[in-house]
Amino acid sequence: MTDDTEFQSDRPVEQGEDRQSLFEAPPMVEQERMVEAILFATAEPVTVKDLNDRMPHGADAAEALVHLRKRYEGRGVNVVKVGDAWAVRTAPDLGFLMQKETVESRKLSRAAIETLAIIAYHQPVTRAEIEEIRGVSVSRGTVDQLLEMEWVRFGRRRMTPGRPVTFVVTQDFLDHFGLESARDLPGLKELRAAGLLENRPPPGTTPQVGEGDLDADEEAQEGQSELFED
Amino acid sequence: MNDAATDGFDSSVADRLAAEALIVDVDGFEGPLDLLLSLGRTQKVDLRQVSVLQLARQYLAFVDKAKALRIELAADYLVMAAWLAFLKSRLLLPPDPAEDDPSGEDLAAHLAFQLERLQAMRDVAAKLMARDQLGRDFFARGVTQEVERVRKVNYTATLLDLMQGYARIRTKDEFRPYVMDRDAVFTMEQALERLRGLIGFAGAWTDIATYMPDGWDADPARWRSATASTFAASLELVKEGKVEIRQSDAFAPIELRRTEAQ
Amino acid sequence: MTDDTEFQSDRPVEQGEDRQSLFEAPPMVEQERMVEAILFATAEPVTVKDLNDRMPHGADAAEALVHLRKRYEGRGVNVVKVGDAWAVRTAPDLGFLMQKETVESRKLSRAAIETLAIIAYHQPVTRAEIEEIRGVSVSRGTVDQLLEMEWVRFGRRRMTPGRPVTFVVTQDFLDHFGLESARDLPGLKELRAAGLLENRPPPGTTPQVGEGDLDADEEAQEGQSELFED
């Protein structure tokens, strides 16, 4: 249209001006508003062509997009290119706001705590060794749980027949318990000094049978029951 | 849309009013009050100054015309007609000082109030509908992002739990030398491993006892442990669908064979 | 939490500081970004409470909203208040760009529109009162339609004989008509000044006048105050 008026210079000037103002593109700041509203309200990303089609004649969506994109830099939402189209999207660092976490706190089972304690004190330690120390077989679920919590991870394989895997505690474990390293775990002496190593077991645990071999049966039973628990 | 609706209504009312001399279109009115309001508006005055007496006359004339045209009038139109006739007489006759009933003026004022209120409600309804509306003039976000619900179980344990747990284990050891006394236990994992290796050969029903580890029959304790774990392991394999298991009678030999591929 | 540390001044200072920094709210400009991201992510208005719940501990969504609203003044999209919730909506003057997004809304009957207006201006209002104002019985379908569109909902029962249910308008209604609160209904002040929102019983009605009237008055007041709550 503007081209037209330029060529047809024989027309009255006023008319030409009229037509020009009629089709004059809105100011860039208005165009920016328009692009902003369209990108906001449209479900799909919008191409520059679509934007221009929807905006008033003479508008330059590409330029408006440059301004708009800059305006949204560092904001909670950004103007992003998706393929050859444009959209407004949540800033990547704020994705966590789109999740609602419900956290349930549960006490770690006794089996898990004991297994964890053994790994912490004896790492790197194989499953067979854990069972040896605990005196009961360790269920797959217990170790899986500790692995999943990322308190325990696989260490190097032991260079013994069967090359069994070993378990070690993780940095997460140390962080959770506020330890610099696993070596900082109180030793037996300190446990005893702290009254944690009395010759009486804490209430609620299996009563201690004085002499060694007798309790093998009991242990076996305990192992069995645990076998069928989970 | 509503502008159009109300405008449409207005014009249709105007049309109806124009045609009213001939046709009594009762269905076109939403009840007696609506009809009264239309009649009141033809007085072309503020509804506050509307002459209720004149209005009553108009209404009664309307109802008479409808009767003459043998148009069935809904009961509420007739109730209103009766009430307006009563009101008319009240307004025309001097008030009876002995009577405690509300005066004709009070009743008329209330009717005028009702008409004004209805008109006011219609006006604000039009104003309301003329507002910018969501989804028509302004818009919500086109693409929404659902809030994802993440359920997380947070297992807790304190250092004290950990130490107590360890202490519990080590306390047991305090009473005996640290020996490998676990050699009397054949774990289910071991049994499972053993069975997995052998089960491929069990095409026919085989006594479970033949799967017992070699050399475990000397010590009764070891035999017991191996029997229990082998049995538990075979159940595990049944659960996995790898083998079938049967026992003809209580204490009869337990037999198993591998499940045939189908 | 911070209060705690302030009161328990016998605690070591470092610990108090630690705890404070642990729960320190993000800077206001960050909070503004968060509110921006949350409001952009949903079509529904979000309450200040919901915002605070989703934002990090110690954040003040109400304050962030003040800043954010100002930031979007005059832009292609605006931050608007809807009842006690907030939303981002395109600027009304840009509606012409959105033909594609326009949803053909269900055409409401004249009866439905009038009933809606009566509920909005007289809320909480009973069906009998609506009928009294309109001078005709209100068909079940009319109210059902408004309930279904979620523009009206049931309010408290009226404490008069029969304990009739009342109707009030919803947040969706406010959202649809771009109203911050029911107080902003067009012409509300004028109607009230003209006494047209009063519940004026017909003269000489009913022997139960005394009590009934008192009740009605109270109810009317209650209704008004509810209208002004927000």
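Every chain is named by a letter (A, B and C) in the order it is written, and numbering of its residues begins at 1.
Keep this in mind: a residue touches a chain if its C-beta (ideal position, glycine included) is under 8 Å from a C-beta of that chain, and two chains touch if they have at least 3 such contacts.
Since we're looking at a predicted model, the values are computed, not measured.
Going by C-alpha centres, which chain is most central here?
Located nearest the centre of all protein C-alpha atoms is chain B.
Quick check for the class: compute each chain's Cα centroid; which one is farthest from the centroid of chain B?
Greatest centre separation from chain B goes to chain A.
How many angstrom between the C-alpha centroids of chain C and chain A?
Going by mean C-alpha positions, chain A sits 36 Å from chain C.
With chain centres defined as C-alpha means, what is the inter-centre distance between chain B and chain C in Å?
Averaging C-alpha atoms per chain gives centres 20 Å apart.
Distance from the CA centroid of chain A to that of chain B, rounded to the nearest Å?
Centres of chain A and chain B (C-alpha means) sit 32 Å apart.
When you check chain C against every other chain, which residues touch at least two of them?
40-41, 54, 88, 90-91, 94, 98, 101
At least two other chains touched by the same residue of chain B: list those residues.
Each of 139-142, 145, 147 in chain B touches at least two other chains.
Could you list, by residue number, the parts of chain C that touch chain A in their complex?
Result: residues 32-38, 40-41, 54-55, 74-77, 88, 90-91, 94, 97-98, 100-101 of chain C touch chain A.
For chain A, which residues count as touching chain B in their complex?
37, 40-44, 87, 90, 98-108, 110, 112-114, 116-118, 120-121, 131-135, 137, 145, 149, 176-179, 185-186, 188, 191, 194, 196-199, 201-202, 205, 208, 210-213, 215-217, 220, 223-224, 227
Any idea which chain B residues touch chain A in the complex?
Touch residues, chain B against chain A: 139-143, 145-159, 161-172, 174-177, 179-182, 184-185, 187-189, 221, 225, 228, 232.
Within the complex, which stretch of chain B touches chain C?
Answer in residue numbers: 1-2, 5-6, 9, 30-34, 36, 76, 101-102, 106-107, 109-110, 113-114, 116-118, 120-125, 127-129, 131-142, 144-145, 147.
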